[in-house]
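As written, the chains take the letters A, B, C, D and E, and residue 1 is the first residue of each chain.
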């Protein structure tokens, strides 16, 4: 299948709000005060727009894809490894950004990127972003690493205490490393790997596997294992680094010389949405600088606009390098591997997400 | 009371098979109003099955069942005016004694006050008014049995079915209960259909007895008829103890044609020296075993041709004319009996009692 | 065989209490080698407990138990040369009949071939060779009982304990099994310690009987002693049927001091017109009930002062000197007995048989 | 009412039909149909980009799961964990069940049953997390182990086995206890009476009789372990089990997930078939 | 069986140890709920009631508990109905395919939750076109809960025999009256035990729930799981778990009280 033949074409004006909107999102993206009374950017929205929010949180992009296909959600907060699949499956509606006043203030380097825009059509609004950093325990890992080598070639030094993100998309991290260290593989884009390139990444990850203590996909787990010393080096998010009690585990999180993968999630609207007007209202609401600041700070990522930084707490934007284009340059934002090579090659077929999924299972073994 | 005067229960060619087993085999039976009718037979002979057919727990494969003038063949148990005292009592464990007894009235919609009064009355009849508030588990076996009886009679059924109700009681208690049962039946005038494998119990209680074998009635009659005039070796053997002379033994010992039964108590044992009474048949032999049974001795004798006889030497008071000392093991004796005490047996059923 | 010649089992002041209940109360008992010894008593009188003490399933609170010359008081069951036939048989449900019987040999390390042969032999002895391959659930009650017996005797114990082994069988079968039990005991010469609440069974089988009441032996003796000379109203009542004259009735009817028992079969009934035999004690009354019991009639008489008597009119062969027609209900009769047939009762235990 | 009763009483077939109608419809419509649909899916494929199901019969998925070493490895690991968990739980349940049923007083028996029932109400997730905390570096085991010179096994295969054995233990102990309860004391007496010492009595009489209870319990420990993936994520270190493979594919490739799911289904069916003969299914 | 005092002691010790192992992690949960540190190191770094205070005012947790209670109650009621009907049919009749039906009841619990989960969610949303939500969740839970009720009912009926029901019919009670006055009271403790475990199974189910619950239906396990993906929530999870354990004592105790036979409550789990 090629791209969105079932996509409806963007609407050009909005109507009455429908009174309800259902949202599928990562935990922490749609908080209505029920987790923590202090954390609430939903109630105001409901009052303002009359759109009652029901939210469902998901744990992995695959789970989200499955849920999204049920057609029961108006809005999906999708990471890059999901967005293109949504578009291809015809699940995502084209979004008319003109109808979202807050769109304008969003950083340009997040706009019209390949994970939110296909054939010049916009499929969603960029949310916060962040990088998958390298974190290490400064006591145990010496000298201080500056390269991903620490989790690849040097991983055996910390056998059983290395961690990595638990998802097929982590293959891209290996690709980023290979791009720098094995230029002859010809990797141009870590999400655009032909079979040979994928095999090289898989080999690298398989050898890393021997040193991995555990993979992580939730905060709590990786935070705890760094604090207890079960893990001393591996990928992390800035927010986790911030949460770790330095007294327990002196850690440092860096953006290594090779650059890093990262994410910039996209608020999408379902092509089957029965409440498109509320959906648009939500997209605008969540891009509101104050709300965006609140949400991205809670989750632990950079907000999507300079304006938002005015609302964020002191130092947040600095810590998370918000608006730092040079920094963002070094990030390979998550994208969905598809057969049509994203790097523009036409002479080979690239491996797709399914291939990656299989490869990931094999790597873990 | 004869059955034909006013038949209360009538079975016409009723048959019931379980797989290959003919539990009840083309049975005809008429039981009269107010009769105390017993069914006697070994285990597996179909006694319970007949009872379950009458109560309606089982459907006959063929044949007809009437209660009074009504054909009940197709009616459910709750549509038949019959109640049952189950072998294991089947008291409702979650109800107390009074509630158990009142149950039949309750399901008939009798008001609370009335059913309580009538249940108490029934309990008084079985002399259990003092345990009305107890749960069945707090009763002894004999008490439970009486509660089951009260529960069954309180609805004044036309027929009461009793399936070995005394089987689980010990001997002393069983004897007491037998007396009570008989009294209650007399008082209420209900037809009792009683199942037992205890021949003495059947003899003691019944107006008439049907002896069962493999789903069929092999003999039907008053206790006296059954005991004194068994028509087959099977009945002679099953009801009481009998010496059975099959045709060969009869020829040898009695010098007569046919098979005969002789009750042990009809045999007189005398020392070989004594002369036989006039008209007596005699046989000499040796005592192989003399078992004390309280009311007398059971004496086993081996005759000269190897035939074994059992004689009952009843111990009697000193005033009785023949209160003699019993002979003992090894003694040679002459057994004698009157030809009139020999019961001729039908030839058809000359086989052993079978315990299936 | 007397117990003292070669005592096989000896209990010295053995006591066992369950909480407040004195199940066995300072019991002394000596059972001889090869003896058939029965313990008779109502439910809850401690029969099973004594047996469990001998087998070793329970530990005595105090006292000593010897088997042969060995003090086994502190030994575990598997160290005692005693086996048990349990009331509920306790057959191993996962083993077939042969394996059940061979079990005791198996745990003694007997080779497979030998134990199979010996188990088959034991099965043959109880005439069950044909069901060797069946599981216990596929047997009838009587068959199970015999398997339990075979399993217990195959190891040739010095003592075999039997806890109401015939309790669950029906009457006919029970009688057959009694004969077999007695035969096996004779053949093997093993000491049998038998528990029953059926007095007739105890009388028939035993060399000696101990009658229990509340954890104590109230009378110990041969069947004849127990039956003919009960020393207490309790025993007179529990073993067989007795007419018991308590002290007041004795004074009124017998014109004697003390309490007495009189067996129904010792009473002679004669028409009021007849003259009483010389030396007889007599009492006139009316027949209130005459129950046919096959071997005779049980006749209930109400004397003029209201005292009730039961007499047993045994039916006898035509040859017997006094084979008369029985009297019937409503007849006025004279009951007479010899003073020698009156059994004086100890006064101490003049209370009813208690079913706990 | 009574006439309905009367009619019904003559029609056992209708009575049975009325009783069975609702539950059977439910089980068949809800479960069998769903399961069959899933199994059929295993023989389909999906468009790799749109994730649309392509309903054409193919053995590709089945070939893949039977052909590739990955699935063999993970299957063996999963069965290994399930068997070990089952063995551990059975080994614990046997003495504990015996103590509860045959030695403890009636009163403490009730208390013990309650003690084994209560943990069923503590969230499974929380228990897994508690084990993570127990097993972690510097956790209670590490700390306590340090005192006696033993460490924590850390996260991984052993941790999965321990945690699963812990979580499913009550599911094994309780039926085993119930099985012991059903063994009449008189059988134990009989064996001792015939000369068997306690150990022998246990082996030759008690054990064969509690096997159905043991098997009933093992169905739980075995099949619940077979399918679990959450515990694995929490304490499994870098390991994965069949459940993880099904889970990771369930979003992106349902046919493959369905095909992988066939493995535990087949394994459990074989297990059930094997234990059916022990009569355990009736003793559940 | 004569068991030596040593063996008795040994078994008592083993049982005690097993209980200690069973409760140690639960105790740890309690301790952690008062621990100042969020990491799981031992010994705890300090005492705080912060998590308890935060849990007390956490509407998400309260809603999740409420949702779980409602879902488990509905699933239990359905399981009670279906399991009782099935138990009656299976115990009182013999019919063709009985073994298959028996297997059929066991399967939903014996097959891995993820199989049940994806099968049901696939069937609901792709085949039947039913929106995933409260309804589908209850249906899914009830499906694997039937067996606990069924097994209890069947065992009780087996023990009770047909006698009491016959006695009732014999005394004139129609089928419904017999069921109401005799069968049901007899089944009471079995239903209680079976229902209690059905409730516990449903209350604690995460995997099937993940797949069968729609948006807006957050059961307690789902709440717990998702809170592991939110910063700083782990200790509140501990608090909620402690509360649930403590609260569970009441129904279990009650069930044991109401049934004289301790095996009742144990049979329930399968």
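Observations, loosely collected:
One rule holds in what follows: a residue touches a chain if its C-beta (ideal position, glycine included) is under 8 Å from a C-beta of that chain, and two chains touch if they have at least 3 such contacts.
These are the chains along with the protein names UniProt gives them: B, C = Putative spermidine/putrescine transport system ATP-binding protein; D, E = Putative spermidine/putrescine transport system permease protein.
Predicted model only: the values in this text are computed from it and were never measured.
Path length between chain A and chain B in the touching-chain graph (shortest route): 2. The chains that touch chain A as well as chain D are E.
If you compare B-E with D-E, the chain pair joined by more contacting C-beta pairs is D-E.
Ranked by separation of Cα centres from chain B, the top chain is A. For chain C, the chain whose average C-alpha position is most distant is A. If each chain is reduced to the centroid of its CA atoms, chain C and chain D end up 54 Å from each other. Computed centre separation for the pair chain B/chain C is 24 angstrom, with centres defined by C-alpha atoms. Each chain gets a centre from the mean of its Cα atoms; for chain A and chain C, those two points are 90 Å apart.
Residue positions 2, 5-6, 9, 132, 136-139, 189, 191-192, 250, 254 of chain D each touch two or more of the other chains. Residue positions 63, 221, 224, 228 of chain A are each in touch with at least two other chains. With touch defined as above, residues shared between interfaces to two or more other chains in chain B number as follows: 76-78. Put simply, chain D touches chain B in their complex at residues 2, 5-6, 9-10.
Here chain B touches chain E in the complex through residues 55-57, 76-78, 82-84, 86, 88, 90-94, 103-104, 106-108, 151-152, 155, going by the rule given at the top. For chain A in complex with chain D, the touching residues are 1, 60-66, 69, 85, 88-90, 160, 166, 168, 209, 212-215, 217, 221, 224-225, 228-230, 338-339, 352-354, 357, 360-362, 364-365. The part of chain D that touches chain E in the complex is made up of residues 1-2, 4-6, 8-9, 12, 15-16, 19-20, 22-24, 26-28, 30-35, 37-38, 41, 53, 92, 95-96, 98-100, 102-104, 109-110, 112-127, 129-134, 136-140, 142-144, 166, 169-171, 173-175, 177-178, 181-182, 185, 188-189, 191-192, 198, 201, 216-217, 219-220, 223-224, 226-230, 242-243, 246-247, 250, 254, 257-258, 261, 264-265, 268, 272, 281-282, 284. Residues of chain B touching chain C in their complex: 42-43, 140, 142, 170-173, 175, 197-200, 203-204, 223-224, 227, 238-240, 263, 265-268, 277, 280, 291-296, 298, 312, 314-322, 336-338, 340-341, 353, 355-356.
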